[in-house]
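The data blocks that follow each hold one structure.
Each of the two complexes below includes chain A, the first together with chain B, the second together with chain C.
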Partner chain A sequence: MNNLQSLSLYWPELILTVTVLGAIIFDLFLPKEKSRNVGWFVFGGLLLSSFAIIGQDSQTTTLFMDAIVLDPFGQFFKLLVISATALVIIASQENNELKGYSQGEYYSLLGILVFGLFLMVSSVDLISVYLSLEVVSIMSFILSGYLKNDQRSNESALKYVIYGAFSSGVMLYGMSLIYGITGSTNFFEIQNQLVGGSGDYNLIFVIAIVMILVGFGYKISMVPFHFWTPDVYEGAPTTITAFLSVAPKAGGLALFIRFFHQVMGDGVALEGNGYLTNTELPWPQMIAVLAVATMTLGNLVALQQKSIKRMLAYSSVAHAGYMLMALPVLSSDGIQAIMIYLVMYLLMNLGAFFVVLYVKNRTGSETFEDYSGLGWNMPILGIVMTIFMVSLTGLPPTAGFIGKFYIFASVIKAGSQFYWLAFFGAFNSVVSLYYYFKVVKVMFLDGEKSETIEFPNKPILGLLLVTAIPSLLFGIYWRPVIKWVEYSFHFFTQIL
Partner chain B sequence: MESNLLSLLVWLPVLGLLGIALIPRHRTKEIKWMAALATGIQLVLAIVLWSKFDPSDAGMQFVERADWIPSFNISYILGVDGLSLPMVILTALLCFIGVFVSWKIDHAVKGYFALFLLLDTGIMGVFVSMDFFLFYIFWEVMLLPMYFLIGIWGGPQREYAAIKFFLYTLFGSVLMLIGILGLYFTCGQTFDIQVLIQNAPEMLSGVMWWGMSAIKVIWVLLFIGFAIKVPVFPFHTWLPLAHVEAPTAISVLLAGILLKLGVYGILRLNYGLMPDGVWWFAGALAFLGLINVVWGGLCALAQTDLKKLVAYSSINHMGYSLIGMAAVIAAGSANGANTTAAQAGLAGAVFQMFNHGTISAMLFILVGVIYDRAHHREINGFGGLASQMPIYTGITALAFFAGLGLPGFSGFISEAMCFIGAFPVFKGIVIASTVGILLNAAYFLWAFQRIFFGKLNDKYSDLAEINSRELFTVIPLAIITVILGVYPAPFLNLVKSTLNLIIEMVASGSPIAGM
Partner chain C sequence: MDQLVNYLYISAILFSLGLFGVITRRNGIAVLMGVELILNAANINFVAFSRFGGMNVSGHVFSLFVIVLAAAEAAVALAIIITIYNSMQTVNVDDASRLKH
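The block that comes next holds the complex of A and B.
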């Protein structure tokens, strides 16, 4: 579809653009202490945008001269990103770290980030992939360094920039190699070339893929490209950490799925189970090994953390590993499992960060000691945090278990060649129990029992319930999630 | 009403939990009575279930079935047969008694009883769920309340004990989950245990994974999950710690019911789904049983802490059960089709499981009684209590004698049955495990002597006699032990036809060919 026609199917993004521009102008008229109201403006824009997405129904077509596609798969991730952002905006209103800063840009930048993610999840062209990754990365750099007077925040932004610049440079080089081999930047054309190609260029292809993996892996903090994660997560404002741990990760995984299944899969990729790859490159095995490395390292390092925020940073690395497990099995079950996992992960991980946010607002820090006895003097917070920790460990009856169950099921269904992957995943869950329950331990087993009970303030309470209730409910009845994922499992697959 | 009996049994404690949630937390009396009410009704329902149960029917009774997640063939299926009914009754009884054992809990009463009831639901659910997915959910639901009950209300080392228990059992259950998924995808994509029992033996035979028979792989995966609960040596190290640190009522449930989950799981699932695997594993099972008997006995002998002694006696006692279970292969034609021996062994194993439930519960309650008064459990720290607390001494003597397997108590009959059943096939192991019986007698009698005989320690000259609430918790268990010791027929008739079905299936199986 040409550029002009495409605009009529581009409403969600257009609304977002107008919202961001409006937010910047709106901010000009607000005094500094009222600047956080811009958040509600962006919130409204996101809401409108989500209506536009739902209104698009299940159309599938390419837009802007085949640079991006419109399909239910992309819409699924867009809605996921919007939900995460909306929750984070509400939480940001309560974030004491942001007090004293002008917050207009904070929300405008968040809006641009969402736009970048929209682009990321619908890209089918190397150019638009690169563009979207850069938009998302640059916005993330600024947002994680938003606390100008906080040294850790500055440090995190700097580290993020250096890693980000390096990895996107490497990725770009890999992309140029692919262009050199196939003569195209479009996913479908590259796929065509590979399916019909002679296969002589395997070595250069391996190099190109590894380089592209650097860029993608960096986005979802896959080992060994995860080094930025803990420092950035620790230094960034807590609400931004919560956002970074969920939304860009979802976007990155969408990119992973599209790239590996539409470029590296055979012609009928994504139509059925057990399809083949179109190269001799053993990339499923490569990703399987990286998945195991990611979850193992994430878990082992998380064990040693003293700060809960940092622990959650490493745990998010581990969760990226769990999700990657389902990618190499080359089946629609695997991809659906990743999508289910992302829904569950969004709820439980954001929820856990909201608890961290609330405790940080009160005590100013986020070490384990700050949580001592929390379960007794703030029972609601304690119980809710326990639900999140149980869910992150992946124990029934919580959403996290269902996510893991589907991942394991897809791996085992793929046959005995990937059983070892399931075993690694299972052992890692056991390891993760130890550090997640360290939180539960300090909340309930340590500290003095207090006679007074405190309740969190209303907005935080609302956020916690919005994340905790589904975390529990989807562990018992998750059919709506399955329905949504099945409905969304529909790609634009036409080969040009 | 009748058709929902099992659901009611399972979910009643959750109703009680909701009731407790509505009571303000300082009204501890009402909270306790609410817990007593919920478990009391549950006990009544369990007895109603027993009275309506038809022992001549070997299959599932009171079956309930509902769709849950059809896209993955996950259903809500409950059912009870001769294997699970005794466990259901035992669970209801011990949970009811457990509420009264916990009567003196004064720290965070509301949380304690809420978790206690949640634990009750989890245990009950495992025994009656006939869908493997549901089974797994209940299996895991037990862990969390247990963690808190040990971790918050336990002894000095409670935090370590709680997390160790949790890590061990979770390790077992993730392996089990992989085994369940393996079964699901090889045996026609269903979690329905009854369908699996029909299909699995055929569909699994000949399937090879990495050059190994799928039956062996799944057998081992499930077995480790269950063995950690039993606990089978070398997976037993969590047990003494958890038992000792847990509050009395929780030790009662741990020893009385949770350990039985392992044996139940092996009989229901390993035996039910993989009869061919039994042939492969029975020898190892008997041998592990022997180690449990001897190792548990030796460890118990070495203990100076009374509660630890009782904990190790559990390992010792569960060993008999394992030996009895292994006897099933006597029914195979290769072993002379000795069905009588197989029946004796298997019935002995199940009976032993029930008896250990009542006897160890009694022992733990009695340890709790003395601990509440003296605030320590050092066996050598007492002496001469017989003159100070005659009633307590009498009851404890009864429990100890039941524990060491004296004729006239139920434990004797079940142990004897295990040995009689196993003797034709595992002569060496049975003979060797008699050492365990000797140890069993030695550690109980020696401990009894040190605590109750000799000169009274002056410190304890004003130790109060066992009170009526405590008697109320012990007497019913003592009565059951004595009655079943003299007249075990009611129990054996209850389980007979279901066990015969298992024996038949195993007998028709054959050792796995090849690797």
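The block that comes next holds the complex of A and C.
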């Protein structure tokens, strides 16, 4: 579809653009103390944009000369990103770390970041992939270093920018090699070329794919490209940490699915049939090994952490590993399992970070000691945090169990060559039990029982309930999620 | 075809130099220069493939995108390094280690 026609199907992004521009101008008229009201402006824009996405129903077409596609799969991820961002905006209003800073730009940048993620989940061309990755990365650099007077925040931005710039540069070089091998930057044309024999096992092709994996893996913090994750997550403002652990990870996984199942595979799996890879390169095995490495390292290092924020950072590395597990099995069940897991992960992980945010607001730090006796002092916070921890471990009856169940089911179903993958996944879940329950233990068994009972303030309470209730509910009645995923499991697969 | 190979050699050398710079330099700005070399190596590849490899025009378009994004990234990265300098009086990447490993 040509550029002018595409605009009529580009409403969600256009609304977002206007919102961001409006937010920048709106910010000019507000004094510094009131600048956080820009957040509500962006919130409204996101809401309008989500209506526009829902209103698009299930069209599938390419936009802007085959640079990006419009399909239910992309819409699923867009809605996921919007809901994560909306929750983070509400939480940011309560974030004491941001006090004393002008907050208008914070929300405008968040808006641009969402735009970049929209582009990321719908791109089917190497150019738009690179463009979207850079937009998301650059905005994340600024946001993680938003606390200018906090050395830890400065340092996290520095580390993020160096790792980010480096890995996207390496990925770009890999893309240039792919372009050289296949003569095109479009996913579908590359796929045709690979089917035609360009994908034969040769060194350049292997190098190119590994280089592209660097860029993609960095985005979802896959081992061995995860080094930035703990430092950035610890130093960044807590609300930004919460955002980074969910939204860009969802976008990166969408990219992973599109790239590997469309370019490196014959694409019929996206229609629900069994399928094959179209290169001799054993990429499913490669990703399987990386998935195991990711979750094992994430879990083992998380065991030793003293800061809960840092522990959750490693836990998010581990969760990226669980999700990657379902990618190499080459089945539509696997992709659906990833989508289900992302919904559950969004709820429980954001919730856990909101608890960290509230405790940090009160005590100014995030070590395990700050949580001792919390369960008696603030019963609601304690109970809710317990739900999140059980859910992150993946025990019934919580949402995390359902997510993990579908991932493991898809791996087992793929046959005996992937049993080892399921074994490592199960082993890791057991390991993670230790550090998640350490939080629960510290909250309820350590420290003195306090006589007074505190309740969190209303916005935080609301956020906690919005994330905790579905985390429980989807563990018992998850049919709506499955329905949504099945409805969204529809890709644009062929250029006519 | 020989011409293409020459360009590929140049870009491979540039890429390796960039990689070397990123890994060995401890000055934040020198690391960024290494990254710029990597980006330009990729750019040479794109343009060379597009011009001599008989491929479509998207290589040229891609390199334009890369130039724009590299500029944006450099601006943000330098701003971050200035903030680091203001708060820690150093641009050495290793000295910025307040966060636990």
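The criterion applied here is as follows: the second predicted complex is superposed on the first by the 486 of 496 C-alpha atoms of A that agree within 3 Å, B and C clash if a C-alpha of one lies under 4 Å from a C-alpha of the other, contacts with A are read in each partner's own complex, and residues count from 1 in each chain.
Following the convention adopted for this analysis, a residue touches a chain if its C-beta (ideal position, glycine included) is under 8 Å from a C-beta of that chain, and two chains touch if they have at least 3 such contacts.
Because the structure is predicted, anything quoted here is derived from the model rather than measured.
In the superposition on chain A, A:Y434 contacts chain B only, with no contact to chain C. Contacts of A:R152 after superposition: chain C is touched, whereas chain B is not reached.
In the superposition on chain A, no contact is made by A:L465 with either chain B or chain C.
By the touch criterion defined above, A:P396 lies against chain B but remains apart from chain C after alignment on the C-alpha atoms of chain A.
By the document's definition of touching, of the two partners only chain B reaches A:S416; chain C does not.
After overlaying the two complexes on the shared chain, residue contacts for A:F408 are found with chain B alone; chain C is out of touch.
A simple residue count on chain A separates chain B from chain C, and the partner touching more is C.
Contacts of A:L303 after superposition: neither chain B nor chain C is touched. Contact with neither chain B nor chain C is seen for A:V18 once the two complexes are overlaid on the shared chain.
Contact residues on chain C toward chain A in their complex (touch as defined above): 8, 11, 15, 18-19, 22, 28, 31-32, 34-35, 38-39, 41-43, 45-46, 49, 53-56, 58-59, 61-62, 65-66, 69, 72-73, 76-77, 80-81, 83-84, 87-88, 93, 96-100. Against chain C, in their complex, chain A makes its touches with residues 126-127, 130-131, 134, 137-138, 141-142, 145, 148-149, 151-152, 154-159, 161-162, 165-166, 168-170, 172-173, 175-177, 179-180, 183-186, 230-231, 234-235, 307, 310. Residue ranges on chain A touching chain B, taken from their complex, read 376, 390, 395-397, 401, 405, 408-409, 412-413, 416, 419, 422-423, 426-427, 429-430, 433-434, 437, 440-441, 444-445, 449, 477-479, 482, 486. Only residues 68-69, 71-72, 107-108, 136-137, 140-141, 143-144, 147-148, 151-152, 158-159, 162-163, 166-167, 170-171, 174-175, 177-178, 181-182, 184-185, 209-210 of chain B touch chain A when the two sit together in their complex.
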